[in-house]
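Chain nomenclature is as follows: A, B, C, D, E and F, assigned in order of appearance, with residue numbering initiated at 1 for each chain independently.
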Amino acid sequence: MINAGDTSWILTATALVLFMTMPGLALFYAGLVRSKNILSVLMHCAAICCLASIVWLAVGYSLAFSGEGAYVGDLSKVFLSGVTRDAASGSIPESLFFSFQMTFAIITPALIVGAYVERIKFGAVLLISALWLVFVYAPVCHWVWGGGWLASMGVYDFAGGIVVHVTAGVSALVIAKMLGQRSGYPEQIQPPHAPWMVMVGASMLWVGWFGFNAGSALTAGTDASMALLVTHISAATASLVWLVIEWLRFGKPSLVGLVTGTIAGLATITPASGFVGPMGGFILGLAGGVITYYCVDLVKGKFNIDDSLDVFAVHGVGGATGTLLVAILILPAFQGVGLSDGVSVMSQLTVQATGVIVTAVWCLVATVIIVNLTKRLVGLRVDEEDEVEGLDYKAHGETGYKL
Amino acid sequence: MINAGDTSWILTATALVLFMTMPGLALFYAGLVRSKNILSVLMHCAAICCLASIVWLAVGYSLAFSGEGAYVGDLSKVFLSGVTRDAASGSIPESLFFSFQMTFAIITPALIVGAYVERIKFGAVLLISALWLVFVYAPVCHWVWGGGWLASMGVYDFAGGIVVHVTAGVSALVIAKMLGQRSGYPEQIQPPHAPWMVMVGASMLWVGWFGFNAGSALTAGTDASMALLVTHISAATASLVWLVIEWLRFGKPSLVGLVTGTIAGLATITPASGFVGPMGGFILGLAGGVITYYCVDLVKGKFNIDDSLDVFAVHGVGGATGTLLVAILILPAFQGVGLSDGVSVMSQLTVQATGVIVTAVWCLVATVIIVNLTKRLVGLRVDEEDEVEGLDYKAHGETGYKL
Amino acid sequence: MINAGDTSWILTATALVLFMTMPGLALFYAGLVRSKNILSVLMHCAAICCLASIVWLAVGYSLAFSGEGAYVGDLSKVFLSGVTRDAASGSIPESLFFSFQMTFAIITPALIVGAYVERIKFGAVLLISALWLVFVYAPVCHWVWGGGWLASMGVYDFAGGIVVHVTAGVSALVIAKMLGQRSGYPEQIQPPHAPWMVMVGASMLWVGWFGFNAGSALTAGTDASMALLVTHISAATASLVWLVIEWLRFGKPSLVGLVTGTIAGLATITPASGFVGPMGGFILGLAGGVITYYCVDLVKGKFNIDDSLDVFAVHGVGGATGTLLVAILILPAFQGVGLSDGVSVMSQLTVQATGVIVTAVWCLVATVIIVNLTKRLVGLRVDEEDEVEGLDYKAHGETGYKL
Amino acid sequence: MKMIMAVIQTHKLDDVRQALNEVGVMGMTVTEAKGFGRTKGHTEIYRGAEYQINYIPKFKIEVVVEDSVSDKVIETITETANTGKIGDGKIFVWDIETAIRIRTGEQNEQAL
Amino acid sequence: MKMIMAVIQTHKLDDVRQALNEVGVMGMTVTEAKGFGRTKGHTEIYRGAEYQINYIPKFKIEVVVEDSVSDKVIETITETANTGKIGDGKIFVWDIETAIRIRTGEQNEQAL
Amino acid sequence: MKMIMAVIQTHKLDDVRQALNEVGVMGMTVTEAKGFGRTKGHTEIYRGAEYQINYIPKFKIEVVVEDSVSDKVIETITETANTGKIGDGKIFVWDIETAIRIRTGEQNEQAL
């Protein structure tokens, strides 16, 4: 039976999560690249938003949320056929549940954009994103939220630590590796061309994340309220962690550093947001902030992979951290909701780890195949000259700034 | 009896629709002009927002939503006199209904800004907008939503295909024609000075449009949920249509092109958003995308009218398209809600066409009178030199960028 | 007993009020300074947002909203200890009430940023903000909203005329005075480097203010609806007041002027938003607009205090104006809710005045101490050279624009 | 060859460019500049106070031409950039020793 | 006449302008430039890594004056633009053949 | 001393800078410029219509060097800035009378 209060909140949450991508994430990423590529990044996010919506309507939603399969849904709901106007999903209309989930299916491939900016072909962006949604996102979404095998194991992933951040992060790393570094990397790479734009994007992501995490309660009550609270605390804490580390290390805390911490804190709390209390949010912010900071170094410095905007280090690692720690921070001792009866921290931890690892492996395998296929069909990189002159004009015929 | 869930959603929707104008539409338009006029466009939108709010309180709301008249309301609710604090309108407070409708009365004249940018006198903007609200918007709003003659005929216009987009589009065309082209048009006209700003504005419009269309349900239930869904699908589809056309035609899909498609798709679905299903949304996106794309050429290329930011081609034509197609796509065959008993597609189509045509004619006549009057009273255009040097400094004493 | 409709609205309102600071206020302020300091201003707002959240969780909320004390709360709710997941506060979860109030505790110290931009040490920003929250904001919040002595006196402050605007305004003036003017003030001070950014920030503040004022009803009903309406009317009216004054005085109404009026109108209506009707909103807009306009001159021109972004003149004076006028405009004669039985306008006015004056005095005293302490501990100003070269690079190692 | 450097009003750039084109100038280089001269800049109002903007945006044009045509070019610029208002700008001329076209390495007259 | 072109620290512009004003310079043209010299630019930190920004923002001033006053002008700039720190910049001087005021067509000395 | 002014393709700046460094050029000043020459600018599509962008962004490099090394420097620029495509740019050279290092007041050769 449909509840107007719950429906009202999820309508709002859907708007908030769309806002995270359009324009939140788009601005966050666009400010980080060089000015000659700003429009291409905005274009990637916008085009993925549109394409993902159609793919979700066509097959994505059905593969994720229909049928009884352990590994993937069926095709009974393609184009929402058979879903009547007044069909309900819990206390909200199914049409709304579809839309809310769609906004997740939009932002997840858009997160990956950060891995391949400034050098990828636009055609490859579209093809990779579409295939990835169908073969990676939809199945994993089914495993965790669609009644699949991980759900049956009792995995905890409230708003997408596994479904969104681990999948995006791992696939981002794979794509970055296969695509290769930007020409002139790392010497000629410049710091963000518009830190103010990065901050604005991050702020929009923060606000939108309330819809992302608190909306995942699918009702407007205590779960949503506590989810909002812990989400905020984790974001604030991780931001301060980055600020402090930079201050100690370089004597100058930076704006881009602080807001990177914000995103790290948000990604980390995501899987736990429905299960932990304020203290849990605080601890996750601390952990997520510290770990992601050092992982950025690790990926670029050690592995020497040009995951250009640090999607893996921030989202993948952050999401995984939260997914694992929830097994402990869920305890009432940390103001959490507590584990189900008969479940021990260890056993839950095993389930959580299984979820993270199996998902990571699946992302790795599938992404390698998708990227190779794309390479054959449309090619991956623009040629050197276009890359040097910038994608804005070369790929889209526009220039970012005309002052 | 007031429902908290419905009220909650319409409070949110009101914020979303205000957000569409401030700053959504303002940024969308400001990014499209030359940098010497960016502030004047923001100023037009902001000033209209303030002025329209007061006009709406003074007479607009009363003319649109009071009394029994077939053509216009009465003055019983000027300044909301007689509307008690706890007066209800359906399941929400009337004060909220007033505010929600006010945000429509704000964005509609603001849409027209796109027709006269870069050359109009600021005084003319204010005078035209105020008169237009009283003599065009309020009456038409009454015809369709205030129990006027079109409502009695059973016209379908869920969120403003006729009331908002046809009125704004037609009047925009008239004003552009009467005002004349920008000096140096078309040779010296430059492409958008800040495509990134256009994209940000369009994204905000997209998100805000959820409040516009789903809010028009005035309740938080299945109607609102399905309206949100089809609105999104139409926007995504039309965006991809523009992307594909540009790609085929020029080999380079542009960011401004894609987001123009977004707005076209949103305008097109508006009148139909409460009556059609996903398939209807998809078809409207296709139709709206294709038709508006070619109408832009038509107006500027053939008619040679400098409707500078294509208000007529995108909003007028899009809104009209949706208003007509709803008569067909409302059928259950397309997942629609179906026509009322005894009504045939043809008869409904006639009603819809009547609404569009009569409204267009009224806009034409009234706008011609309003513009002529304005010309006499305050003049229409700034002088050539001010136009060349830019309105930002000449009309507002400011400069857009000081880096 | 928790109501989903009310909860839904306050969840949304919380997001809206966070949005006011991140990025609304940050952009509003960043656009007003010179381009060499844009990032430092964004950094101040973002860092305060994070720090204030943690301080609020640690002690702020408890000091403001726990216990029976007349002057300050107790420590029973530090880190929300003892607040169970399903604890309710009225018809919403207490966790949500905490978060909603937290967003107020974030924006209030952030408002003060406008007083000390372009010359303060980053360390001083953090220390002053933290101490100020604990020793000024939390107590005053308790006086008015936490059952303290002003509440007992029956003071009217619906959404923070005293708690937010008077406190921020007065403390801003004190800090500006103690900090001293920017080097080269006033000759070398430049007008806003990015008026467009100021307008975008102001627009976000306007939209977010719906959450601020209408959210303060803590329910989704007639109070929230009327609060939204009067808030909007006051904002629109005050904007037009500034527009008209500038037009008459200089012949050129400016964008920055108009949106400054918007903020003035919003600050002025805040304390009255739950008690007055449309007419009251209109009158408050007029009064707030005129008074703040002339106070800006007064502070900078006469007192010669470099309250750089006019926090006192716009927020302090606006908030005080509304706090006093509510005693009259609350009358049914002005469509208000009326005074409680046996209370006369005069007696209420005395209560309101007492609230404003005592709060102002407390802010003055406490701020002087806090600033002196900060001076000793970390110092207040960057050295001349850093100030001349700009805080962005000198304090944060970044540059605002790389085109 | 001569370097002809002109500082002109921003809104005159297109006219000057076209005029130079017509007298056969093949190329020019333009930079945004801030000018300061008799015209002491404009004022902007911000929250009731007047602020002096000391510099006026100008375009600086640099054209290198053969000696033979330099007078014609100077004349053309003087005419087209002229509005008779203070702030119209200046033209400065000096000798160029060598000119090279990077693409081909051609020198002097051939390079222009 | 002489063209005196100076590349200076950005924050010295106002001082230099005033000083030149006092020694009677009627006009100058300023452009934003990126300098590269002994001072090898600054570093920015981005997510834990240091990035070298090779260029330092500078202002390029161009003043054309009569031969007689050029030494005075050069001196003035050298003094006011000097901070004693590396990166203070350079002054380059060369001969100008003709100067024209676009507004009036006046030539040379009259044009300055 | 000679002023060597070169207008080059924007994406060639880093290469040129490094090359000059290697031949011992201690400093240079760079300004953003809009070029106009044989290459008549590019076109942008906006809502179905083509727009001509008349100017192409270029970088203008100014290097002052001793006469002795000027040929080497010119050569170096010509080589590194060359892509063989139209629009590669130009180099212009003229005599400098005086050069001063603001920081020290050193003159001419010592100032470079």
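Following the convention adopted for this analysis, a residue touches a chain if its C-beta (ideal position, glycine included) is under 8 Å from a C-beta of that chain, and two chains touch if they have at least 3 such contacts.
The structure displayed is predicted, hence computed values, not measured ones.
Chemist: Using the touch definition from the top, how many steps at minimum link chain A to chain D?
Modeler: 2
Chemist: Would the interface of chain E with chain F count as same or different, where same needs over half of all numbers used to appear in both copies?
Modeler: different
Chemist: Compute the rotation angle for the C-alpha superposition of chain B onto chain C, expressed as a multiple of 5 degrees.
Modeler: 120
Chemist: How many angstrom lie between the CA centroids of chain A and chain E, rounded to a whole number?
Modeler: That pair's centroid distance is 50 Å.
Chemist: As a quick test, compute the distance in whole Å between the mean CA positions of chain A and chain C.
Modeler: Between these chains, centre-to-centre, one finds 34 Å.
Chemist: Centroid from C-alpha atoms only, then distance chain B to chain D, rounded to Å. What do you get?
Modeler: 45
Chemist: By the touch rule stated above, which residues of chain F touch at least two different other chains?
Modeler: Residues 31-32, 44-45, 53, 94-95.
Chemist: Give me the residue numbers in chain A that touch at least two other chains, ranges are fine.
Modeler: Counting only residues that touch two or more other chains, chain A contributes 3-6, 8-9, 12, 190-192, 250, 252, 254, 256, 397-399, 401, 403.
Chemist: What chain pairs are in touch here?
Modeler: Listed by label, chains in contact pair as A-B, A-C, A-E, A-F, B-C, B-D, B-F, C-D, C-E, D-E, D-F, E-F.
Chemist: Where on chain A does chain C make contact in their complex?
Modeler: Per the touch definition, chain A meets chain C at residues 3-6, 8-9, 12, 16, 34-35, 190-196, 199-200, 203-204, 206-207, 210-211, 214, 219-222, 224-226, 228-229, 232-233, 235-237, 239-240, 243, 250, 252-256, 258-259, 262, 277-279, 282, 335, 337, 401, 403.
Chemist: Write out the stretch or stretches of chain E touching chain C in their complex.
Modeler: Touch residues, chain E against chain C: 10-11, 14, 42-45, 53.
Chemist: Could you list, by residue number, the parts of chain E that touch chain D in their complex?
Modeler: Interface residues on the chain E side: 3, 17, 26-32, 64, 94-103, 105, 111.
Chemist: Show which residues of chain C lie in contact with chain A when the two form their complex.
Modeler: 2-9, 11-12, 14-15, 18-19, 22-23, 26-27, 30, 38-39, 42-43, 46-47, 49-51, 53-54, 57, 79-80, 85-86, 92-93, 95-96, 98-99, 102, 122, 395-403
Chemist: Show me the residue ranges of chain A that touch chain E in the complex, using the header's touch definition.
Modeler: 186, 189-192, 246, 249-250, 252, 254, 256-257, 260, 293, 296-297, 300-301, 310
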